[in-house]
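What follows are several structures.
Look for chain A in each of the two complexes below; its partner is chain B in the first and chain C in the second.
On to the complex of A and B.
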C-alpha cells in the first residue's frame, strides 16, 4: 500500500507535470531545430513567435466565447488553434520575405542571422505587448480535470490523490498527433524528403533541382504551426504571459542542443530530458520518501535539491554537461 | 566631408538632441538621459571589446551588470550587526566546500583513467559534496535571514566608500566571466550565445532568491552616495552659498540642488568613460588589438601563426565583462538601490547590443555614439509614441475601447522601435554609423 501511495504521489507531482511540460518543450524545440537544420541559424525570436501565435489563439478564443461557441468539456482554444496557426504563418512568411531572405541571398554568416533574429525578437515582442499587453491572460475553459484528486482517492481508496488536468491530457494528445504528422511529412512525402535532403547537403540538393525558396517557405509554415501549438498548449497549461514565452527560450534551446541541433528526434528526446530533470530536481521528495523509506530513515527536511526558482539552472547545467562531453548532442546533430 | 567632420557632426547631433530635451522638457530629464547614456556607453565599450574586437557573441551582459550592482551592496553598505557571527563564516565555509567539491570532481575527471570507476567516483564526490554543502549552508542562511528581516536579513557590506565598489564590481564580474569563459568559450558562437544567456538568467535568479546576500526581491535601499562629489539635496538646499549661486543662475534652490547632484554624477561618469575609452582606443591600436582582430577575422590563420586563440578569447571576455560590471556598479550607485526584479534581458542585454551594432561594432567611438543615441530614443520613444497615438486617435470618439487601448499601449512602442532600428541599420548600413577603420 505504501509503495502504491508513493507511486501515485510520484506520478501526481513529477511524472504527469513533467510529461506535459516535456511535450510543450519538445514542440518548441522541434521548431528551433528545423530552423537550424534548414536555415542554419539559432532563431532567438522563437519564443516570441510562440507568444504571437498563442496571442492570436487567445483573441480568437475570447471572440468565440463572446459568440457563445464552446467545445463542450474541451477548451475553446482548440477551436481557435487553426486560426492562430494561420495568423502565425502569415507573420513568419512576411518576416522571412522582408527580413531573412535578404541575408540568405547575401549568404551572410550564421551569427549575423542570429543578430537579425534578435531584431525580429524585439519587433514580435513589441507587437504582442502592443496588441494584448504585458499582463497575464487566462483563456482556458471547459472541464478543469480529467481525473481529480478527490475522485481518484474515492475510486482507489489510496491516501494519495492523482490529478490529471484537461490541459495536460490535451497537451500530450496534441503533441503526439503533431509529431506523428511531422514525421510522416518528413519521411513519406516528396516535399518532406526534399527538406531533409536540403538540410543534409545544400549544394547536392540544389543540383538535384530542389527549389530552395520553396523548402524555406514550407519550413517556416511548419515552424509557425509547431510554435503556435506549443505556445497555446503552454498557455492552457499555465497561463498566457508574453514575457514567460521569452524566458522559455532557454529550456527550448537547451532541449534542442541536448538532443543535437538539426535532429528532430533529438529535439523530442531533449525536451523530455530537460523537463524531467527540471521537475525532479526542484521537487520536494519528502512525501514520496516517507512512504518508501523505513521509519528510522524518514527525512526531516523537504528533500528538495534546489528551490523551484532555479529551474533555469537545471536546464542550463545539463546543456553545459552535454556540450562539454558530447558537443553535437546526444543524437548526432550538425555543426555549422 | 572628411570622416572626422562627419563623426564630430554625429556626436554634435546626439548632443543637441539631449540639449533640446533640456530646453523643451526639463533639465532634469536631460541630465538623467545624459547619465544613463554615459553608463550605457561604458556597457557598449565592454560589448564592443568582445564583439567588435574579438567576435565573441556574449548575450549575458545583464548578468555582469547585475553582478556589478551586487558588488556595490557588498562593498559599500554597512554590515548587518550580528550577521557575521550568526552565520556569515558558516556560509563562507559552505561555499568553499561547494567549490572544493566541484574542483575535486574536475580533478578526478582530468586525472583518473577513464572508465566506470571514474564515473562513479565523480558522481559520488558530487553527491556527498552537495549534501555536506547543504547541511552547512542551510542553517547558517536561516540564521542570517532571521536577523531583523523587515529591514535587513542579509549579510550587509564592508562599509567602504562607494567609489571603491566600482572597481570591485568590475572584479566580481571579471571573476564570474573567468569561470564562464573557462567552461563555455570553447563552444561555437551560437552555443556560446545560449550559454551566456542562461548564465545571466541564473545570476539574476541567485540575486532574487538568496536573501542573505542582498535581500533578494526585498531590494536594498539607501546605498551611500559618492558624497564628496555629488552631495545631498537637503544639505545643498540649506547651504547659503549654494542658494546664492542658484539664484545667480535664476533657479530655485530645490531644482538647483537636484540638478547639481545629477551633474556631480555626470562628472564622475564622464571621468570613468573617458578613462575606459582611452584604454580601449589604446588597446585597439596596439599590437594586441591587431592580433585580436586577426583572430576575429580568421581563427585558423591566427592559430597557425602561433596565437593562442582560446587564451586570447578568455582574456578579452574577462576584460569586456569587467567593464560591464563597472557600468552595473555605477548604475546601482546612481539609482541608490539594488532591485534584482528589474533586470530584464531585453533592456540590459539586447538593448546594449542594439547600441553597439547601430553605433558601429569594432569602433569605440561608434559604440559610445550608439549608446547615447539609442538611450535617448529608448527614453523619448514613449512620449513620442503617446503623442503619435493621441494624434491617430484624435478623430475617434472619447471612451471608445480602441482609443483607450491604443493610448495605453503606446508605452510598448519602445521594443518595436528598437527592433525596427536594429533591422534597418543591419540591412542598409551593416557596419553602423561610425564604421570600423
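On to the complex of A and C.
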C-alpha cells in the first residue's frame, strides 16, 4: 500500500506533469531543429512564433465561444487550431519573403541570420502584445479533468490523489499524432524526401533538380504548424501569456541541442530529457521517500536538490554539459 | 533697540496670525504608479477631514486648512523626495504620506528628518519602518505587516491548525509578511513545514506546489497577490490535490479570487486590515455624501491621518512640528472622550477647553510602539463563493 502511495504521489507530481511538459518542449524543439536542418540557422523567433499562433487560437476560440460553438468535453481551442495554424503560416511566409529571403540570396553566414531572427523575434513579440496585450488570457473550457485527485482517492482508497488534466491528456495525444504525421511526411513522401536531401547536401540536391524555394516554403509551413500546436497546447495546459513563450525559448533550444540540432528524433528525446530533469531535480522527494524508505531512514529534510527558483538553470547546465562533451548532441546532429 | 524689539514682536505677532489663518498640509501619495487606483480616494479622505475642520472654524481660533497634493509614484524615490522638498519650501505644517513603504522610508530619511517635519502615513505597512530611526517624527495609521503576522497566527490557532506550509511572493512585502507569519505562528507553538518563495507572472506553478505538497501541512498559507502568482499557486494546488484549504493574508483578499477559483475555495480563510463598527459606517456615509468611495482601501486611514494632525495642533496650540509632534500619541489614545468621524469639531472644542480626547476615527485608531496603528483586522472566510467577514480582531 505504501509503495502504491509512493507511486501515485510520484505520478501526480513528477511523471504526469513532466510527460505533458516534455511533449510541449518536443513539439517546440522539432520546429527549431527543422529550421536549423534546412535553413541552417538557429531561429530565435521560434518562441514568439508559438505565441503568435497561440494568440490567433485564443482569438478564434473567443469568437467560437461567443457564437455558442463548443466541442463537448474537449476544449474549443482544438477547433480553433486549424485557423490558428493558417494564420501562423501566413505570418511566417510573409516574414520569409520580406526578411529571410533577402539574406538567403546574399548567402549570408548563419550567424547573421541568427541576429536577423532576433530582430524578427522582437517584432513578433511586439506584434503579439500590440494585438492581445501583455496579460494572462484564459481560453480553456470543457471538462477540466480526466481524473481529479478527489475522485481518484475515493475510487482507490489511497491516501494520495492522482490528477490528470484534460489538457495534459490532449497534449500527449496531439503530440503523438503530430510527430507521427511529421515522420510519415519526411520519410514516405516525395516532398519530405527532397527536404531531407536538401538538408543533407544542398549542392547535390540543387543539381538533382530540387526547387530550393519550394523546400524552404514547405519547411516554414510545417514549422508554423508545429509551433502553433505547441503554443496552443502549452497555453491550454498552463496559461497564455506572451512573455512566457519568450522564456520558453531556453528550454526549447536546450532540448534541440541536447538531442542534436537538425535531428528530429533527437529533438523529441531532448524535450523529454529537459522536462524530466527540470521536474525531478526541483522536486522535493520527502513525500515519496517517506512512503518507500524504512522508518529508520525517513528523511527529515525536504530532499530537494535545487529550489524551484532555479528551474531554468537546469536546462542551462544540461546544455553546457552536452556542448562540452558531445557538441553534436546525443543523436548526432550538426555541430553548433 | 526698542524699535527693533517692537518690530520683532510685531513680526512675530503677524506671523502668528498668518499661521492661524491658513494651515497647509501636504498630501503626498502615489497618484501615478502601481496604486494609482487607490490614491484618489485616499487624497479625498484626507481633504474631507480638512474641509470639516475648516468649516467648523474651531482650529486655533478659526484657522483654515488647505491641502497641497503631490505625487510619489509609489515606487519612485527620486520623485517622492523632490516633491517632499517642494512641500517644505511651500511651508506645509505636516505631511500626510507617503503611501508605499519604500518611498515613505525615502521621504522620511531625506526630507522629514533633515527638516524636522512630522509625517503620518496612512498606508505604509512594511515592518522595516517600525525600527527605522525617526526622531519621533513618523507615525502611521496603517498597521505594520508584523501585526498581520500575529493576527494570522491567532486565527490559525483558534481554528485548531497546527502545521502550515507557507509560500510568499518574492518581494519586500511578501518576504516581510512571511517572516512575520512564521515567527508569530512558531511562537504560538505551530509548525511551519516549509517557507518557499514564488515568482509572479509565471505560467506554471506545478513545481512549486510539488515542493509545498511534499513538505505537507494542514493548510497552505499564500502570502501573495490575488491577481498574480497567488492565484496560480492555489489553482495548481487544487488541481493536483495537494491542499484544499488556504490561508489568505491581505494581498489575497478580493472578489476576483473566489470568482476565478470557483467553489473549491469555500472554507479557506484569512484577514485584511480594516475595521467595522460605528466609525467606519459613519465615514462611509460621509464619503458617499462627498462623492467618493470611502470603503476604498486606506481611504479611512487617510482621513484619520489628516484628523490626527489637526487635533494634535489644537492640543499643542501651535502648528510647528516640534510642538505638536509629541501630542499625536496623546490625542490618538486613551484616556479621554472618544471622537468619531464627523465629530472633529467636538474634539477641537474639548481640546481647547483643556480636556483629553481619544480619537477613534474611521479606522479605529490606536497608536502603539513607535507610533503605528495597532490595527484592526477583518477575519474573512470564503463561503458560497464570497468573502464573508466573520469576525473582527
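In this section, the second predicted complex is superposed on the first by the 334 of 336 C-alpha atoms of A that agree within 3 Å, B and C clash if a C-alpha of one lies under 4 Å from a C-alpha of the other, contacts with A are read in each partner's own complex, and residues count from 1 in each chain.
By our rule, contacts are C-beta pairs under 8 Å (C-beta built on N, C-alpha and C of every residue); 3 or more make two chains touch, one makes a residue touch a chain.
Since the structure is predicted, the reported quantities are computational estimates derived from the model, not experimental observations.
*Asks:* Using the superposition on chain A described above, determine whether A:12 touches chain B (first), chain C (second), both, or neither.
*Replies:* Only chain C; A:12 stays clear of chain B.
*Asks:* With both complexes superposed on chain A, which partner does A:239 reach: first (chain B), second (chain C), both or neither?
*Replies:* The second partner, chain C, only.
*Asks:* May I ask you to decide whether A:193 touches chain B, chain C, both, or neither, giving the answer as first, second, both or neither?
*Replies:* Neither chain B nor chain C is touched by A:193.
*Asks:* Report for A:307: first if it touches chain B alone, second if chain C alone, otherwise both or neither.
*Replies:* both
*Asks:* Which of the two partners, first being chain B and second being chain C, lies in contact with A:118: first, second, both, or neither?
*Replies:* Only chain B; A:118 stays clear of chain C.
*Asks:* On the A-aligned overlay, A:327 touches which partner chain: chain B = first, chain C = second, or both, or neither?
*Replies:* In the superposition, A:327 contacts chain B only.
*Asks:* Applying the touch criterion given at the start, work out whether A:279 contacts chain B, chain C, both or neither, answering first, second, both or neither.
*Replies:* A:279 contacts chain C only, not chain B.
*Asks:* Could you pull out which residues of chain A sit against chain B in one structure and against chain C in the other?
*Replies:* After superposing on chain A, chain A residues 307, 309 contact both chain B and chain C.
*Asks:* In the complex of these two chains, what residues of chain A are touching chain C?
*Replies:* By the definition above, chain A touches chain C via 12-14, 17, 21, 144-145, 148-150, 152-153, 161-163, 165, 234, 237-241, 243-244, 278-279, 282-288, 302-304, 307-309, 311.
*Asks:* Flag every residue of chain C that touches chain A in the complex, lowest number first.
*Replies:* 170, 194, 196-199, 201-204, 206-211, 213-216, 232, 239-242
*Asks:* Touching chain B in the complex: which residues of chain A?
*Replies:* Residue positions touching the partner: 41-42, 44, 99, 102, 110-112, 114-116, 118-127, 129-131, 133-134, 246-247, 249-250, 253-254, 257, 301, 305, 307, 309-310, 312-313, 315-316, 319-320, 323-324, 327, 335-336.
*Asks:* Help me check something: in the complex, which residues belonging to chain B touch chain A?
*Replies:* So the residues of chain B touching chain A come out as 55, 57, 130, 138, 183-184, 187-191, 193-195, 197-199, 201-202, 205-206, 208-209, 345-346, 350, 353-354, 357, 408-409, 412-420, 422-423, 426-427, 430.
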